[in-house]
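Before we start, here is the structure in question, set down as structure tokens.
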Amino acid sequence: MTVPAFTRPTLAQLNACDDATFTACLGPVFEHAPWVAEQAARLRPFASVEALHGAMVGLVAALPEAARVALFAGHPDLAGPAARDGTMTAESTGEQSALGLDRLPDAEAQRWDALNAAYRARFGFPFILCARHYGRAAMLEVFEQRLAASREEELAMALGEIARITRYRIADRVADHGLPDLAGRLTTHVLDTSRGRPAEGMRLALHEVSGALPCGTTQPLVEAVTDAHGQTEPLLSGAPLRIGRYELRFHVGEYFRRTGAVDRGFGFLDVVPVVFCIDEPTGDYHVPLTVTPFAYAAYRGQ
Amino acid sequence: MTVPAFTRPTLAQLNACDDATFTACLGPVFEHAPWVAEQAARLRPFASVEALHGAMVGLVAALPEAARVALFAGHPDLAGPAARDGTMTAESTGEQSALGLDRLPDAEAQRWDALNAAYRARFGFPFILCARHYGRAAMLEVFEQRLAASREEELAMALGEIARITRYRIADRVADHGLPDLAGRLTTHVLDTSRGRPAEGMRLALHEVSGALPCGTTQPLVEAVTDAHGQTEPLLSGAPLRIGRYELRFHVGEYFRRTGAVDRGFGFLDVVPVVFCIDEPTGDYHVPLTVTPFAYAAYRGQ
Amino acid sequence: MTVPAFTRPTLAQLNACDDATFTACLGPVFEHAPWVAEQAARLRPFASVEALHGAMVGLVAALPEAARVALFAGHPDLAGPAARDGTMTAESTGEQSALGLDRLPDAEAQRWDALNAAYRARFGFPFILCARHYGRAAMLEVFEQRLAASREEELAMALGEIARITRYRIADRVADHGLPDLAGRLTTHVLDTSRGRPAEGMRLALHEVSGALPCGTTQPLVEAVTDAHGQTEPLLSGAPLRIGRYELRFHVGEYFRRTGAVDRGFGFLDVVPVVFCIDEPTGDYHVPLTVTPFAYAAYRGQ
Amino acid sequence: MTVPAFTRPTLAQLNACDDATFTACLGPVFEHAPWVAEQAARLRPFASVEALHGAMVGLVAALPEAARVALFAGHPDLAGPAARDGTMTAESTGEQSALGLDRLPDAEAQRWDALNAAYRARFGFPFILCARHYGRAAMLEVFEQRLAASREEELAMALGEIARITRYRIADRVADHGLPDLAGRLTTHVLDTSRGRPAEGMRLALHEVSGALPCGTTQPLVEAVTDAHGQTEPLLSGAPLRIGRYELRFHVGEYFRRTGAVDRGFGFLDVVPVVFCIDEPTGDYHVPLTVTPFAYAAYRGQ
């Protein structure tokens, strides 16, 4: 393709440019299916990027089943050979490597291979999932559940996931996309209810829990210290939240020893873990803690 | 010793028997120091086992320092060579093997050896601790703290620990000992505050947390299922509680899926961990949980 | 009636005595309808008082509608002229006077008169309610709601209330009645979560709230002080709980000033009111409070 | 006074104008003591209104005791004859009438008269209090407490209160005063923890509680309905909070009947009252509620 595309065009530029430029810009949005952009070019102008994305998804949804399945077949397996060999599209490479799917330990890679093979054998097309929405452990759980669905259901699910994947890809490509709900947020807030004040200076850490509970292993995502309002910068923000289990660890004992509420030595509470699930990638999760040296409450707040 | 002792005499029998029988019964109470029982025999009768124990501890406390230290020296190292070779008294063997101190992994054994050597070098007698009061991880933490104490403090601490050790040993030997506060208790109670009712049929498990938090490993102690009152049999009872960190895991997600409050799939709460410290071996710990699908509170209750 | 009845017979005596004695004993159970006892006498023996009561209610339920309505018509109005003139049966007199329905202020008496007249005009029989189950304010609320029901519903409701009324009356008359669920219970428990201990010595009071919230007036029912377990004797027990609104007032500020957690002067919390409704007369209500000087939680517990 | 003052000058104007204008502007700040402004005029320029106020208070503090007491004596009694006759300064009239001190019921007026007389008899000057900081009931409580203080303490207290009173009066008079902490704030937030969401559309009302608890009477201050975030506009803001007792009433039953969590009829919770004290007039009070149909928690948050 010799037409030099814009680096990151605006909607106005996309509406005004020639068809080849339009296709060069948006061709990679649907995996191995630049024809979707080609056909969408003829439906211009679009009043919004939402409308443009809707039209592109609509072109795929309108296909007869065989053609739709052919488009599905253009998607690489999650954690499959193409991921490991580095032969996927740039888009899929980015999405899968963020989760480490291109460099799995052998045992986990074999599990993915077995699941991918079972899915293809059952449904006749690869398992498709919006990788930005999942942690690795949650992805495997969902994969196993979906193997039990009907072909009808999976045809619909695959199209839905493609709609999600391509929405992010368009947002990456269009400067003024204006698409809402592309990111989630996780915040916390610690209140010292023995003093009726925000708990200032409390260390806390967010971990991702992988593997099934209660025996899961955890890996640290972010650490923070509460400010004078008992708050921290958002622990997660600016991107979709990955569906999965998380653990917030509040260093309560250390805090109360510093305020003098608890003597040195063992108190009743030391590190308070709060384990919870996120299942809305673009949700606003607020998980506050109210705490005394002997009691605490945690909840999903606003 | 050829005198046949009673299997487990009453206080009246101990007050009435001849000196040799008395000594045969209570000689092993003070480690490698049957003379304490011999001398106590001459102070009979005792109005209570509490008084008998007090008299025996008093005999040791009254010794000049050198003799007291000689008695301390009769105690085996915790997790030391005698524990591993099986050459301790029956009493010490029972107390140390309940914690696995006679069969430690090499790395942990080396840590104990180093601490024991450092303590003996600093204070001139072995480190003495009432093993029934501690979990292994807490024991190590306390050991390290006590290395920083003064000799004066440690002379007093050693005597105090011997008083604790021998109190349990006398209770083991006297049928009608009447000694209070030889055991602690841990109970829980789960209330479903979204329905204003006890949470019935919720699985839960108690784990011991070893190693420093937040990276500690845990091992299961007991599992239970709540009854119609949201309660279970005491999770720990009938013996002193071991000082240390514990984790109660409440299978909240499973419960709310069964009551229909949460659909299948990821809810907000799945397994709720409550991590707390026990530092009163004969305390009454009640750790209830009030819970909805999105919020919970845990506290040290009555 | 010249037959001398037992003071309070056992079931065995009731099964063995002659018909006239049986009727003398149980004749007053159904209001102005001794024939129910007369007919029940012929169905003896009864295996339990539950069976006896069931048979008596069954005899009424089996009546054709006109005869059932005639039996309903034998019941005095609640707070009606017979109540005020003292011309009701001994049973109704006791049930209505416990609520003060025989000595109402004029305005309230007029409201009852209007409701009674409206109910009779609409359904053709008096409004019947098990008075032991209601507070006065709740009784009026229910009365107004039931005026909107259909005649079919009210025929069934009246029979159900008569079954409740007569169950208590039989229990009053038979020594070994063995009937369960004749009483409810209200208890509380106060935990000081700033110290992880029961709140000992906290004053509290239970009030009945009459009139519509939030402008209701209250009258004191019972006062108590928490013991070392943070508990009190049951606040209500030994009789059915009266449906209605209640307020528990916990003297939290006074308690925390005494423990030294709060200086003299205004703290944040002083008297903590917990307002709740009871609608299960034979339920077990536990309403605990967990409290710090700046926070509290109240809930319906077990 | 014939000099036309600025309506509401800036600090720069106050620094630049002639002495007579300055005194005309700020003369009424200290009750019946325009000389304080006259003398302060000579200390110009002031870098800030804070510095100006500090200088004026300093002039009074530097007076010998007799002169200070003479200045105190220029203050009208709270709720005294001058208040009832309308013969106070404009400033005092505004401050006292906002509390209704100029139109008290006779019984309460007599109580004030007695307290005022007792205070004057004991200390030799009138009782002085920053009226903007108090509710009427709290003012009486404080009055009674202060009658027990020493003369030394009351000389200091009177000066402190005058500093508070005049700070507000200066802020009223200077356009760009820049004084912080002239107002407090009361906010709330309701979270439905049975659904893990803000409680939207819940009615609530703030009342002032006057008279001693628990028998106090209440009067409504403001009503509100929670928005989609479970919040409302600040319930109090823009002025100092009046020290005293308040009651927030949350219409919880109505809310849960609408969400379908509770059937019609009596639930467990209907109107939830939260009673608390405010004692920091310029504090930021956040009093959130977390609630299910059977449980709630309230606390002083951030």
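Some notes on this structure:
Each chain gets a letter, A, B, C and D, in the order it is written, and its residues are counted from 1.
What we mean here is this: a residue touches a chain if its C-beta (ideal position, glycine included) is under 8 Å from a C-beta of that chain, and two chains touch if they have at least 3 such contacts.
These numbers come from a predicted model, not from an experiment.
Note on interfaces B-D and A-B: more C-beta pairs are in contact across A-B. Counting the residue numbers used at the interface between chain B and chain C, over half appear in both copies, so the two copies meet with largely the same residues.
Mean C-alpha positions place chain B and chain D at a centre distance of 57 Å. Mean C-alpha positions place chain B and chain C at a centre distance of 51 Å.
Each chain gets one centre point, the mean of its Cα atoms, and the points for chain A and chain B are 47 Å apart.
With touch defined as above, residues shared between interfaces to two or more other chains in chain C number as follows: 193, 196-197, 268, 290, 294-295, 297, 299-300.
Taken together, the chain D residues at the contact with chain A in this complex read 189, 191, 193, 196-198, 229-230, 290, 297, 299-302.
Chain D contributes residues 138, 205, 213-214, 243, 245, 249, 265-273, 275-279, 294-300 to its touches with chain C in the complex. Contact residues of chain A toward chain C in the complex are 193-196, 268, 290, 292-295, 297.
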